[in-house]
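Next, two complexes with subunit A in common: one pairs it with subunit B, the other with subunit C.
What follows is the complex of A and B.
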C-alpha cells in the first residue's frame, strides 16, 4: 500500500465561482425577462439604443450561457476535479487568473454588447479583442485542469473528467474556428469566410456551443453531483463509455440542421439531419444513466428538493434531446424553423437542464462548503414548484405561438393567395402567447430569488472553510492495470491519450463538412450579377449588424411556395459571396428581409425606422430615432474596404481612397429622394439612416427581377 | 383562440407521425387546403386503428392467460395436487415482466452488489449493468435510418432535393388553383371591373384599405408617402379600371406595391371601389394634388353597375 499523503482541497475558488454563478444567473434571467416583455410592450425598449431588443437579446444569451452556465461549470469542475483526483488544484495563480479573467470578459461583454459592438455570430458576438481574452483564459483553465490531472493520486479518470476534457478541447477548437476574423479597428472585424461558408462554420459552432458548453460539461457535473446527492452507484459503467464517445463524435456533425432549406448544399443539410437522428441514443444514454442511478432512491426523490431538481433537469435534458432530432427532420423543420417553437425548445434545455441542475448543485454544494444544513427545505421545495411552473408557462405558450404563426405563414386561400399576406397579422396573433411566456419567465425569476435568499441564509448560518483537509494514498502508476479489466480502463489511466482520442473524435465531423465547402469552388455557384456592396451600403450593413436586426429578421427566403409568394425568389447561395458576416438569422419575429430592396420607397423606411407603427400599425418593432439624429461615422470606411479586399471582395485598387466620396454621392441621392417626399432635416445627407436605407434598398436586388440562377 | 390556434393543437397531435418530407407541408396548408384534412383524417384513423389493434392483442393475451389457468384447474381436478404443482412451476413469469427484463436487462437493485465495480471515486461507485437492449436497438435503428436516408436522397435519383421539392410544390399548387378557378365564374379583372356600391363590400374595402394602404396613403386617403386619393387628380387614372390596375400591378418604380400576390381579385375590387368613395372628402392635412384632373363620366358607369351587381356577388362569394 502506498503511503498516505495529506493535502488540502481548495474551496475558496469553488466559492468564488459559486457566487459568480448566483449573481450572473440573476442577471441572465432578468435581462431575458426584459427581452420577453419588450415583445409585448415595445415601449420597454426605452427609445434608447443600448436598451433596444436587438442589443438586449445577445446580452441575455451571453449572460445566460457564458456568465451563468459558464461560472456554473467552473464551480462544479473545481469542486469535483480535486475530489475525483484526490489532489488540490495545480496552480493557485491560474485559479485566480481564470476566475478574474472570466469575470472581466463578462464585464467586457456587458459593456460592448449594449454599445452595439458585435460580430453578429450568434453566441459568438464578442469582438476580436475579447475573443483573444477568452482564448487566453480558456487556455489557463485547460492548463490548470491538466496540471491537476497530471498530479492526481487517483489512477483512473472518472467519467465526469472525460466529459471535462472533451469539453475543453472542443470549445477551444470551436472558439478559434468561428472567430477567424480580420480586425479593421479595435472594435470592428470581418470574418474570414463569407456567406454560405460563414453560415456553415457559425452553425457548426453554434450547435456545438450548445453541445459542448451547455451539455457535455453539465453531463460531467451530473455524473459527480447526482450520485453524490442520491448516494447511489452510477447505473452502468459500460453505458457511460459508449454514450460518451458516441455523443462527442456525433454531436459535431449535426450543425447543419440549423440551416435546413437554406442555401446550404443539400448534402450538408442531409448530414445535419441524419447525425441529429443518430444523436438520440447517445444523448439518452446520459439521461438513462442519470435516472437509473436513482433506482432505489425514488422514495427520497419525493422529499429531497435537490434530487427533485436533478430529476427534472435530467428529464428536461431527455426531452430536449429527443425534440432536437425531431426538429432536424426537414418536414418538421419546415414548420418549426424561424418560429418561437425553437425558442421554446432551447428554453426547455436551458431553464430545465442547465438551470435546474445548477440549482440542485448549489443546494447541495453551498451547505457542504459552509459546513451547515440548508436553511430551509420548504423554500427549496417552493422554488422547485415555482420554477417548474415557470418552465411550463414559458414553453407551452411558445410552442403554441410557433405552431400558430407557422400555420398562418403557410395558409393559402383556395384561389392561391396568402391568407395572411400581411406579416404583421401573424405577429399580433401571438402577442398573448408572448405575454404568457413573460409570466412564465417572471415565475422562474421569482423562484430564483427564493433560492438566493435561501442560500444567503445558509451561508450566514454556516462557517466557510477555504482549505479542507484531506488525505489519500500516493499514486502508484503501475497499480491500475489488472487481468480481465475492461478495455476502456487503459485510456482512463492516460489523460493525454484521452485528450488526443477525444480531439480526433470531435474533429472528424467538422472537417468532413467544412473542408469541401471551403475548398471546393463549385459548392457555391457564382451569379454574374452579384456585385460587392457600395461603400454606403457597406456602412448601412454594419449598422444593421450593430443594431442587432438579425435578432428578429432573417435574410433567407426558403424554397417554399409560402415564402416565394410572400417575399419573392428564394435565396441562392451565390448571392451571399460578399456577405461578411452572413446575416441569414435564425428567428422571424419580423418578416424576412432578403428581398426587401426596392419594395418600398426610401421615405417608407425613413418613417418606419423613426416609428414603425406609423407605417405598420400594431408593429412591435422598436423605434430607432438615433439613426435619424446621429451622423454616420465614415472614418473607418477606407480600412473596411481594404480589409474586405484582403479577404477577397473584389473592390478596385484605390477604391478605399474614393470610398468616402462615393458614399457621400449615394447619400446625397437618397437624401434628395427623401426631400422630394417631404422629409427634411438639417444635414439629412450625413445621417446614419441614409446608409441603412441604402443597404435595405440593395437587399436581394442583385437577382431581382430574377433570372433563374442555377443552384 | 381562432381557427389557426385550434389547428396548431391538431397539428401537435399528428406531427410526429408525419415522416414524409412533403406531407407535413401539405398538412400545414390548413383548412382550405384539401391535403390538410386528408392527412389529418388519415393519421387520426391510423392512430385509432393502432389503438384498436393493441387492445385486441391485449385481449387475446388475457384470454390465453385465462385458458392456461383453466387448464391448470383441470389438471388439479383430474390428476391431483402434485401434477398441478409441477404444471404451475413450468409456467414462466408473465409476458410483460419477461419482456421488461429482456429489454432493460438490468440487475435488480437487491443484487447490485454482484455488478458493483471495485473503483471508488470520492465515494462514487459504478455498477456494471449491461447496455439496455432497447437503447441499443434504438441506436441501431437510427443508424439504419441514416444510411437509408443518405442513400435515398444522395445515392439514388429518387429523393428530391430542396429545389425539386419546391418545383413539385409549385406545380401542385398551380393545379389546385386552376381546378378551383375552373369552378368559379365572373372573375374580376381590370378589363371588366366596375365600382361596387353596396355597403358591406365598401366596409370590407375600408378594412382592407386600413390594413394595407393607410400606411402610405393615410387613414383618410389624405396621402403621405403615397399620393392623396381624395382629390380629383390621378397620376395613373381615376377610373375604377385604372385604380384596380394600379392596385393590382403597382407602380414599382415609385414604391407602389403590386398587390396581386397579396390580395385576391375580389379584395382588390372592394378596395378599389372604396378608394373611389374617398374622392371629394377633403380630409385634413391633405397632400397637394398630383397627376391629371379626372372627371368621372357618370352616365356610362351608372347603367353598368346595376347589371354588374349579380356578377359581383359571385365574385365576392369566391373568397368566403
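What follows is the complex of A and C.
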C-alpha cells in the first residue's frame, strides 16, 4: 500500500482568476453593449477617436475572448488540475507570474486598442511587444501545468487534462504562426506574409482561436465541472476519448471556411468546407456526452440553476457547432458571409456556451471556495432566465438582419438592375434589428450584474481558505515491482506522449493547407499592373488600419453578379501581393471598398469622413473629425519603406530617403484638388485625411479601367 | 445528399480525399484505443472527478 501523503490545494490562485473572470466579464459585455448601441445611435461614438466603433469593437472581442474567457479557463484549469492530479500547483511563483502577467497584457490591450495600435488581424490585434509578453506568460502557464502533471499523485490523466494540453500546444503554434511580423517601431509592425497568404494564415489562426481558446479548454471544464455539479460521472468516457482526438484533428483544417468565394485558391476552400462539415460528428459527440451525463438527473436540472446554466451552455455548443458547418457549405455561405448572421452565430457560442458555462462554474465554485451556501438560488434562477432571454433577443434579430440584408444585396429588378443599388438602404432596413439586439445585450448585462451581486453576498458570508488540506497515496508506490519498469516509465512519459500526439494531430491540417500556399509561387498569380503603394497611400492605409475600418468594410468583391454589379470587377489574389496586412474584412456593416478608387471625387471623401450623413443621409458611420484636424506623422515612413522592402515589396533602393518628399508631393496634388472643390484649411496638405484619401482613391484601381473621377 | 454537398463544395481533389482518409485513420485508431480499454479502467477514469470530495456537500450547499 502506498504511503498516504498530506498536501494542500492552492485555492488562492483559483480565487484570483475567478475574481478576474467576474470583473472582465463585466467589462467585455459592457463594451460589447456600447458597440451594439453605437450601431443604433451613432452619437454614442462620442466624436472621439478612442471611443469610435472601429476601435471599440476589437476592444470588445479581445476583452470577451482573452480577458473574460481567458481568465475563466485559468480559473477552471487551476482548480481542476490540482484535484484531478491530487497535487498542488508546481510553482507558486509561476502562479503569480501567470496571473499578474495575464492581467498586465489585458491592461496593455485596453490601452493600445483604443489608441488605434493594432495589427488588424482579427483576435490577434495586439502589437508585437504585447505578443512577446503573451508568449512569455503562456510559456509560464505551460511550464506550471506540465510541472504539476509531472509531480502528480494520480497515475492517469483524466480527459479534461488532455483538452488542456491540446489547448496549450495549439495556442502556442497559432500565436507564433499568426504573429510573424517585422517591427517598424515599438508600436508598429508589418506581417511577414501578404495578401492571400496572410489571409489564409489569419483565418487558420482566427478559426482556431475559436476552436482552441473558446472551445477545447471549455470542453475540458465541461468534462470536469459538469460531473461535479451533477454528482455523477461523464456519460461515456470512451466517447470522450474519440471526441478528443477527432475534434482536435479536424478543427485545425476548417479555417478556410472563413474565406469562401474569396481569392483563396479553390482547393483550400474545398478542404475548409469538407472538414467543417465533418466537424459536426465530434462536436455533437461531445455535446451528447455532456447532456447524457445528466441522464436520470433531469429532475435536478429543474431545481438547480447551476445545472440549468450548464445544460443551456452545452445545448448552445451543439447549436453553434451544427450551424458552423452549415455556414461552411458554399451555397449557404454565399448568403451568410459578411452579414450579421455570422455575428449571431458567434454569440450563440460566446454568450451561450462560454458565458453560461462560466456562470455555472462560478455558481458552483465560489460557494466551494468560500465554504458557504450560495446566497440566493432565486437570484441565480432569475439570472438564468434573464440571460437566456438576453441570448434569444440578441441572436434572433441578428439572424433576421443577416437574412434580410443578404437578400436585399442580391435582389434584382425584372429589368436586371440591383433593386437596392444604394447599400445604405440595406443598412437602414435592419436598424430596428440592431436595436433589438442591443436590448438582448442589455438583458444579458442585467443578468450578469445579478450574478455579481449574488456572488458578492456569497463571498461576504463565507470564509475563504487559501490552502485546502488534502491527502492522497504517493504515486511512486503504485508501480508494482512485479510489473516491471516499462509500464511505469510509459505512464510517466504519457503526458509527453499526449503533447506530441496532440501536436502532430494539429500540425497536419495546418501544414497541408498553409505550406503549399506559402511555398508554391504559382498559387498567387501576379498581375503586371499591380504596383506597390506610394508613400502617401501607405500612410493612408496605416490610418485605415488604425481606425479599424476593417470592422465594417470588406475589401473583397466576390464573384457573384450581385457583387460585380454593385462594386465592379471581382477581386483577384494577384491584387493583394503588397497588402501587409490583408484587409479583406469579415463583415459589411458598410459597403465593400475594394473598387472604391476613383469612384468619388476627393472632396466627397473629405466631407464623408467629416460627417458621413452629409454625403449619405441616414448613415450610421461614425464621424472622423480628428483626421481633418491632425497632422500626418511621417517620422516612421522611411522605416516603413525599409521594412516592407525587407519583406519583399519592390521599393527602389534609396526610396526611403525620398519617401517623405514623395508623400508631400502627392498630398499637395490632393489638397489642390480639394481647394478647387471649395475645401480649404490651414495646412490642409499636412493633414491625415489627405493620406487616407490617397489610399481610398488607390483601392482596386490597379486593374480598373480609366479613372471616372467626378462622375 | 452527401455527394451533392461535396460537389457543391467545389473541386474535390486528391488532397481532400487524402485528408479524409487521414482523418478516418485517426478516428479508427482512437476508437480502437477507446474500446480496447478495460471496463474497470474506463469506469475508474470516468469517476476520477468525483473521487475528490467537495468541500461542501452538494446536497446541502443551497438553501431556499
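Definition applied: the second predicted complex is superposed on the first by the 687 of 711 C-alpha atoms of A that agree within 3 Å, B and C clash if a C-alpha of one lies under 4 Å from a C-alpha of the other, contacts with A are read in each partner's own complex, and residues count from 1 in each chain.
Heads up, the rule we're going with is that contacts are C-beta pairs under 8 Å (C-beta built on N, C-alpha and C of every residue); 3 or more make two chains touch, one makes a residue touch a chain.
Quick caveat: nothing in here was measured; it's all calculated off a predicted structure.
**Q** Does the superposition put A:688 against subunit B (first), subunit C (second), both, or neither?
**A** Neither partner.
**Q** Once the structures are superposed on A, label A:326 by its partner contacts, choosing first (subunit B), second (subunit C), both or neither.
**A** Touch status of A:326: first partner only.
**Q** Quick check for you: in the superposed arrangement, does A:84 touch first (subunit B), second (subunit C), both or neither?
**A** both
**Q** Identify the partner contact of A:127: answer first if only subunit B is touched, second if only subunit C is, both if each is, neither if none is.
**A** Touch partners of A:127: none, neither subunit B nor subunit C.
**Q** Taking the superposition as given, does A:407 touch the first partner, subunit B, the second, subunit C, both, or neither?
**A** In the superposition, A:407 contacts subunit B only.
**Q** Applying the document's definition of touch, where does A:228 land relative to subunit B and subunit C: first, second, both, or neither?
**A** Touch partners of A:228: subunit B and subunit C.
**Q** May I ask you to decide whether A:374 touches subunit B, subunit C, both, or neither, giving the answer as first, second, both or neither?
**A** It touches subunit C, and subunit B stays clear.
**Q** Which partner chains sit in contact with A:614 here, subunit B, subunit C, both or neither? Use first/second/both/neither.
**A** After superposition on chain A, A:614 lies in contact with subunit B alone.
**Q** Let me test your reading of the model: by the given contact rule, A:156 touches which partner, first (subunit B), second (subunit C), both or neither?
**A** both
**Q** Is subunit A touched at more residues by subunit B or by subunit C?
**A** B
**Q** Overlap the subunit B and subunit C contact sets on subunit A and report the shared residues.
**A** Touching subunit B and subunit C on subunit A: residues 80, 83-84, 86, 154, 156, 158-159, 224, 227-228, 233-234, 236-239, 242, 246, 266-267, 269-271, 273-275, 277-278, 329-331.
**Q** Show which residues of subunit A lie in contact with subunit C when the two form their complex.
**A** 80, 83-84, 86, 154, 156, 158-160, 223-224, 227-229, 231-234, 236-239, 241-242, 244-246, 249-250, 253, 266-267, 269-271, 273-275, 277-278, 304, 329-331, 367-369, 371-374, 376-378, 465, 468, 470, 505, 508-509, 512
**Q** Could you pull out which subunit A residues touch subunit B in their complex?
**A** 80, 83-84, 86, 154, 156, 158-159, 224, 227-228, 233-240, 242, 246, 261, 266-267, 269-271, 273-275, 277-278, 280-282, 284-285, 288, 292, 295-296, 326, 329-332, 334-335, 399-400, 403-404, 406-408, 410-419, 421-422, 425, 429, 559-561, 564-565, 570, 598-601, 603-604, 607, 614-617, 677, 711
**Q** Which residues of subunit C touch subunit A once you look at their complex with the stated criterion?
**A** 5-6, 8-13, 15-16, 19-20, 22-23, 26-27, 29-31, 33-35, 37, 41-50, 52, 54-56, 58, 60-64
**Q** Mind pulling up the subunit B residues that touch subunit A in the complex?
**A** Residues in contact with subunit A: 2, 4-5, 7-9, 11-12, 15-16, 18-25, 28-30, 32-33, 106, 109, 112, 116-117, 119, 121-132, 135-136, 138-139, 142-143, 145-146, 149-150, 153-154, 161-163, 165-166, 169-170, 173, 176-177, 180-181, 184, 211-212, 214-216, 225, 252, 254-255, 257, 261-265, 318-319.
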